[in-house]
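Here come two complexes built around chain A, the first alongside chain B, the second alongside chain C.
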Partner chain A sequence: MTAAYDPPATRGIEAPRAPRRKLGGRRSNMEMYSWLFMRLSGIVLVVLVLGHLLIMNVLDGGVHRINWGFVAGRWASPFWQVWDLLMLWLAELHGANGLRTVINDYARKDGTRFWLLMLLAASVLLTVGLGTLVIFTFDPTIS
Partner chain B sequence: MTLTADTGIGALGDPSGPGPAQLPPIPDGAVMVTVTIQRFNPELDEAPHRESYRIPALPTDRILNLLHYIKWYIDGTLTFRRSCAHGICGSDAMRINGRNRLACKVLVKDVITDKKTEVTVEPIKGLPLEKDLLVDMEPFFEAYRKVQPFLITHSNEPSREWIQSPEDRARFDDTTKCILCAACTTSCPVYWSEDAYVGPAAIVNAHRFIFDSRDQGGQERLEILSDAEGVWRCRTTFNCTDACPRGIEVTKAIQEVKRALMFRRI
Partner chain C sequence: MSQSTALPGPGPVAVPPPRRGSVYRGVEGMWSWVAHRITGVLTFFFLFAHVLDTSLVRVSPDTYDRIIETYKNPFVNLLEVGLVGAVLFHALNGIRVTLIDFWSKGTRLQRPMLWVVLAVWVVLMVPGVYFMLQHTVRVMFGGAA
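The block that comes next holds the complex of A and B.
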């Protein structure tokens, strides 16, 4: 390298003929997958959530027929178990990923950002864990 | 007609300020306009404040003419950038009535009405304020340099003219128009938040080379833009497209880069 004057306009730019250098190892496509997940889960959630609302609130007497027996009857079928499980996981992760973005945008200090993200992760684990447990271990005969 | 000091022209808040020796004649058809400017002198002020000036202007004047009038005849300490004054150097991007515009391209008649003859001029947001309307552009150019905005080839030099078809040229035609004024980047709410998002202007200039059929550094640029601070931070708020004084469809260019990244195909 020569010690020639390095004008501000070119500072930080590699010489055009410099040997190709491996880019930083930190690069990943994590943000791309997160972006894709938001779009795809959003489409699936439109069907799942609107279907859920329709069944629970509108069809066949709507919200007035919901009781212990109704829930027990639904969760006896693997179809509704999978539906509710998918809805729980996708909605929770979709919402949490959105909140992660909001936290990244608005947190001003790295410490604040870290703790808010930890709080978010804890809430996701709790909600998803508890919900999944209930869907799979629901016992209609409990009194 | 010549003006004298008692016609009410000058800084509204400070009539005893250093007056000009000679004001220029007011042309026929001029209207009085109140220009409110965000002022900040780092050696005197704790925080930026606003000052208003009531000056004559023709409806066909540009906002830059108003700033010149204030600087030349009322307060010579008013600080702003401008070079060509004809919308091509990209020096005088500022917030005019809350929108990022070039002061040399906005006409007085487009910002005033019969009832309201006021204009607000502030510096662009998201870059460190240095004085009055002057901001430190270095973070902006740092992001620009990050995307390697120059032609990269790894193969042998062509021995003849490098011909590009009109169709290949058209793919990146829109993004060649960028003048690096920073109006788009500093209108982006993601860029305002304190982190390292490269910003729309850097993506536009990466787009210009990524989609150039002669360039061979596209994959490298895509990798750089797939970073956590790259294109995926874009929320498609379209502020950049609205702000661009060159009419570049900035958000569309960003989406094209996203698509190229998703399918790994340029």
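The block that comes next holds the complex of A and C.
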């Protein structure tokens, strides 16, 4: 920036080794944390989701043995409650963050982008809220 | 990919013909990215429906059981195979993407890692499909499988 010789053609262009300037507080590491979150949650979800699919769809008759009693039996154990709760939260946040990227990639108008992101946020609030409520308030004596 | 501008014909390096029909030329890397996107979005939409159907355990055992019968329908059972296949690919390719980002050799080995992903996918899906469809096949074709 403070080069001794600054010809008109290059005026305003920073020198290659110029120290980084602050961009008026608009810089944040949000996207880096989002990128990191996808990797970290992804690794955990590999275990949680593939384990869930193996138990629910493949082992011991798969989906054909699932009914209300089966779910009640599993949620009698805090282990599976925590498993399902963690899976719900991580899968929703991981999926929503992925869909946020997809929306940002393909939405052409700012209005479209805004409303798609709002719809996405609403769906996350609904599913995470409802799912958490159900896991915590499940009543095995309901029948 | 430093492809030389070799002349066509016999030679040490066979130059592939220019690819047409796509604006992208990323080849395997691009298609794995496309597949990762599609499987991810589909799984997210399924998750929305799945949280809602599971929430019926809070309504009554009968309501839940009636909805969960849908999952046992032969056609829906086939869709579940598709879901498991999609999630499994997304998981394996996600591990590959993570290795590309964090492993010093990841970028160089991204292509062989994709073949490993597909090989592991096939190896896991073969028994997976067998067990997932076992019941449906037995009911529909009687005694088979």
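Just so we're on the same page, the second predicted complex is superposed on the first by the 123 of 143 C-alpha atoms of A that agree within 3 Å, B and C clash if a C-alpha of one lies under 4 Å from a C-alpha of the other, contacts with A are read in each partner's own complex, and residues count from 1 in each chain.
What we mean here is this: a residue touches a chain if its C-beta (ideal position, glycine included) is under 8 Å from a C-beta of that chain, and two chains touch if they have at least 3 such contacts.
It should be emphasised that the depicted structure is a prediction, and the values quoted were computed from it without experimental measurement.
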| item | value |
| --- | --- |
| Which partner, chain B or chain C, touches more chain A residues | C |
| Partner chain(s) touched by A:106 [first = chain B, second = chain C, both, neither] | first |
| Touched partner set for A:58, first chain B, second chain C, both or neither | second |
| Contacts of A:29 with chain B and chain C, given as first, second, both or neither | first |
| Intersection of the chain A residues that touch chain B with those that touch chain C | none |
| Chain B residues touching chain A - in the complex, by the definition given at the top | 141-142, 145-146, 148, 150, 152, 154, 190, 193-195, 220, 223-224, 226-228, 230, 232-233, 258, 261-262 |
| Of all residues in chain A, those that touch chain B in their complex | 9, 11-14, 16, 20, 23, 26-27, 29-32, 34-36, 104-106, 108 |
| Contacting residues of chain A [partner chain C, same complex] | 39, 42-43, 45-46, 49-50, 53, 57-59, 61-64, 66-69, 71-72, 88, 91-92, 95-96, 98-99, 102, 123, 127, 130-131, 133-134, 137-139, 142-143 |
| Complex contact set, residues of chain C against chain A | 37, 40-41, 43-44, 47-48, 51-52, 54-55, 57-58, 60-62, 64-65, 68, 71-72, 77, 80, 84, 87-88, 91, 94-95, 97-98, 101-102, 127-128, 131-132, 134-135 |
